[in-house]
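Read from first to last, the chains carry the letters A, B, C, D, E and F; within each, the first residue is number 1.
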């Protein structure tokens, strides 16, 4: 990743708080109507860029069409989001169909910023694009056949190949979903698909018993890849999305070293409990600065919020509370 | 319509608001417990009457039985709703079964006030009744076979016949639904059924991709019939109801001249996001005064709220944002 | 009905048979491939015509498109079915959409032969047409809004109005369905909808506990309208269709005088148990000659078969075995 | 029940309130995070104990594992809940499997406190245990085969046998459910199962038309057993749980003397309308003092709240509003 | 069991047959119309009685009402089945509701013949009755709360208590189901419920991966209780029922010593592949004579058939092919 | 493909037959019990090999475990199928999980025989293997993430890359499915996924309106790739599988030149209408000799059958009956 000269958004843990991760007191940081056309802004990705941060935002417009927009911020909290969606140029292929774009992730590998998102191609699959400057964007071949969601690139090659997590799904409100890894020599052809993490038995950890999906780009630590992910339980009122974390082996990320049995963050605040889809905490990006980590998550499919933690504490918690 | 000597409820657009339609700052105007027996009051119809307004209100009682009640108001905001439901007498037929009544609409044609509602006759269908004075009410033949909802009369005959919009459905939480028109020479026998508007593809306008249904009685304008309607998207937490508008040809209302691709109003306020059925905005009536229009809508299947707009702006918006 | 100068197909009850109705020993009388394009021929209607019989046949072609075809026979058993489907001309309206046509019934009223069928208009509803000669056919307004199936006209006006049975449904493999009656002064506008017969409780008569639908045009007898109908039970392998009968009051057909608790005919022969939709007996027409009645039914959604009975015995059986 | 020397929590009816039952102004009394590991605390049971109250609380931990915890209070409002779940010892059998425990009820019979709960044994069934001191707990045979929920003991033997209400269910978000009674000579073998109360027709009382289940241990009154119970309606956004009451014959509790057609309490406050499962009011315990009754109920599957009423008024209301 | 002086039906294994169990060449032995009122006769139980055999037969009548009928045979192949269903008298309780009766099993314990069946009491549960002579029958308390099917008594007390296998279910075409055991001191109160056998993973033995249920009364052998059972797989055309066997520990029948991974008999003959419910082999009774065993099974929910085998070979096969 | 020195199975069109394709009079050619362990043999692939034919057969054993077996034949009709399933060695990767294998296709490219099948890896996906001699088999990386079925290789590289058709699905009895193409430089990494053919509207060609999937390896003709495929309609008794054909552009197979609107073969014979899954015709292989083509298809998921045609006639029929 590019050398990071800016400070990430941060707020110390409140005195009366014993939780591993805690929310920003000024949440949500991005309102649903932050740009003129938007119905909601959520499930978005940010990354250090130049002397501040750039982001790729999911903004559903008032026709509830899903698209991704570039945005910029000095402090990671106050954002200027473009009023027009990202326009793609042809990357490693002819321009391909894209009925909609949502739930972006962004990372820097070697010489450019790679973006992955859920791309509408006869149903959801994983779109891939890149930019050097967040002004011009180039769209590559979709990684997989439909139906897939939550495509998350690792921030560097592993054993000489690009590596991507994803969650095979179906074409609707998928009631199942495990996390897989796939490899590519060239960001065009993908293979060596392996299952990384499955849902848990209801009795063991119910918040992640229906489906799970990768969240922010994995964070490289000495002990392994720190993966924040979302887990879903199907209540009698529909899905509830919470956030947990796993530690994957650096060399072979199919090896799950630890995985949180309790969640790290679950819907409890009013902006998480009410909105277009109540009871959703959906992490899509993380910024780190030393041991600090700030997670960006969509709340209630309506707004963007952030939460904080210390990487060392999170890993320690995982070790003590691993499933 | 009878000459209208009273002023409709109105509040100017807030300064910082760029929306085509905006909410009343004192919403909701009718509380769920506004009459002693009520569990909720919503999806109701109002009309100018004498020196004020009359209304037909859906009040579900605390056994959650659905019925319609007459009510009166001087200003359209403060309402006296009768504590007993409307009792029907035989209209153009013998008294017919009515297991329940809900979601009324009301309009004035020629010499009387016509009421349509969802009538329980082995499932939902369209009930028709009339009154001259909102004291005595007469029930006619159901317009259609079950299963149907959202029967909305045009406020005058078209080509010499009564015309009604409706939405064929099934007997449950119908996951589909388009708007049809039917004609009648006599308010008893109906035919010439034509499809007027269908749901939109998910990619084009997702808020109205699952089902749509007519809202208030169409408003006659120089450019066409202005029809407010509701559209539904099926989220992983159930249905979400929003409001849009369409402009239908004056002579042949099966011709849709324009139709909003973005919604005009979608659930965002706390009284729309929480309640017996969260995330519902369901318009059932509109009052006009010159270019002003005040829309009455049920919020969260719990309370009644209103929103304002200018007809000319709405039509202009439709033209620029038509699907 | 026109004076009937021809003998209906008939075969006496086999000696060892105690059933009220019995099958033709040469069933099926029409093979699935009886015309060059057909995948299956079933659920079809016949009527005395000139010196023999005419029929309107449901022939699904090998693209499995559903359409209706005219056919002719001297004896009611050997049929010449046209190789091209019926082409409709405008009847009492402009030509209306017809995505498909299936399950016809035919009857003679006053001066012409009326045909009803399941007409594809954004889903199934009841199409109406007429012919004077089975050469030229005229299509009228659909009787109802979608979704509906099994529209069956009475063979004469009742109290001065046309009367039609139908079964409101949904757009798929409807898992419910009761029989209603509607009236029309003019075959264009319909109203006065009333429920005639509902499905039975599983414990009382399971073969008709899921849905029921009118079969052949009701037969006028001194004691009432004799209505053969189909009943459906939902097994763990899908629907099973059987045949029963009811006797409706001559003056007010909403009054069900008797109704068979046991079925009269249920799938048991190989041509009923195997085919495109196994376990279907679906009656669509009946010919009478004195006390004799010959019922035409579709078997396994694949072929046409016939069964015989005596009207007096059937009514007697109904009286003794009424639900 | 042991002589009760302490005062139950109480707050007089507000002046402007005409409801039969009213909420505590300081609701909820137990927060979702009241113990360090909890995600939510709700659907819990309390009983007079020593000079105050003891309780058995459903605390779902942050892995969303369901278990029951003992707790104590002087005033019934402020509670000390143990940080570790109840550990069971073998009661009238070898220790049996318990994948999870939830929705406890507690009562005193003869010489000990009996606890029933929903016990995970290859799906939910009714677990039974007892304690003398709320320190040591003993687990007995499950009362029934799976699948069952809402097992509620009567507070004394009836005709010499233990009696338990329960609601047979399936293994998921059961969409049906009636209340049955079963008897046992010894708390080990159960039989004489009878249906007590079924769901109501939608038209008659929709809030209890999908499923019902016993709530607090029945309260003995001169006129019969006063049973608070929950009723469920299935909306287009999922289940909504409300509370009603029934009066059962003292000698033969299968005889329902009265049953509320309107609900007594339905979700309307913010802590009932938002939370892990919005729109849930789920009573599990009641304390009485003379004519006063205080009902403990879970709100939104997240917190514990209380409501008040007078037994005589409730019975009077039942008589006037019985279904 | 009473001393058995009669020879069981038998036919040696065909020369070219290598199967462990083989069918009777004259199958089916009982036709669907074997009594005047029957629509189908299947899933029935037989037992040695006097100088031949008695049986309890499931005969669905032509209203498709399910009931049980007594029958008698000298050779176990040719049966005289009563034309009227069994009439029950009160056994160990007042007469209880029975909406329907199906799938009987019969065994002799101590002094009488015990019959269990699926009894309609607000849904299916396990009915219990007894007879001394197959003329007078006495109905006892239902064993369990609904919903349950396939109640099968052991032919003697185990550890001093009656023992029954059953399969908890739901109220429809249950898509799950494992086999449990319950005990009773007195045939009235039941408890000590334990899971005996669950469905198998699809990959291991797909024919029994959806649900399983006990078949004939277990056969006592030196090595254990020989339990024939049915297993179900859910195909894209619905359920398919096959037959396997398990060996349960004599002292503790919750211990499954062996269980067939391959089926012993699966639908393959025309009378098993076509009928009211195609592809069903459903065993309900077994007769033994030395090492020989004759299994009675319902075929296609329409007729009764038999198959033969040697107990020693079956046990040997189980040992070599146990899951 | 290797030079073919043997004659394919053939039988001239019967004199009275006007169909484009016709069945072998001795169908089925492989019985369900053709090897000792088999429950059924169907959906299998054959190819010219040495002086006759080799095949890869789907044999489900009597535990209904799905696996693939090698077989050999001199005439393509009489087959010797190995009694043990194919054992795979590591191909282009470490050995990967394979819970089950079914529905194989086989083709020869360059120097070896490639086999694709539905491979169980946490659900169905496309397995790839190769053999030089049908004795030793080597398993490669799965082509795709789950869930996928009907992977069909083209018999030669297209534009220098391997090309495979497949049908993304879900993990159950998938109720949707279109045909896609993917490319690979090395049989390990796959990309450039494009949709080739979608299901048809119900009104246009109902037999292929639910899902479609590639059948035999495409046949190279001068006019394009001849692809036999299966189409599925969802009846009220479950899925019905029929066979059609399409002609794909030689250079760019995403271009569909023609596609049969009518089916070429649909279930009509007793071995297609009854069996483990009735009403299934499922083609998996084709042999050609000049203009002749012999298609191997699974019938009723139970047996293997063949049908004949002339390529030129089939293409001609496609041109005249293209959708």
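Quick note on the criterion: a contact is a pair of C-beta atoms (placed from the backbone, for glycine too) under 8 Å apart; a residue touches a chain by one contact, two chains touch by 3 or more.
Bear in mind the structure is a predicted one, so any value in this text is a computation, not a measurement.
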Intersection of contact partners for subunit C and subunit D: B, E
For subunit A and subunit E, chains touching each: D, F
Contact-pair overlap exceeding half with B-D, pair selected from B-C, A-D or D-E: A-D
Subunit B onto subunit F, rotation angle from CA fit, given as a multiple of 5 degrees: 180
Most distant chain from subunit E, judged by the mean position of its C-alpha atoms: B
Interface composition of copies subunit D and subunit E: same or different, split at half: same
Interchain centroid distance [CA atoms averaged], subunit B/subunit E, Å: 59
Separation of mean Cα positions, subunit F and subunit C [Å, integer]: 41
Where subunit E touches two or more other chains at once, by residue number: 237-238, 274, 278-279
Complete list of chain pairs which touch one another: A-B, A-D, A-F, B-C, B-D, C-E, C-F, D-E, E-F
Footprint of subunit A on subunit B - complex, ascending: 18, 203-207, 233-238, 240, 261-263, 266-268, 270, 273-274, 278-279, 323
Of subunit A, residues touching subunit F in the complex: 93, 121-123, 125, 141-148, 166, 168, 170-171, 176, 178, 180, 182-185, 188-193, 195, 198
Of all residues in subunit D, those that touch subunit A in their complex: 32, 36-37, 39, 60-66, 99-100, 120, 173, 237-239, 274-279, 301
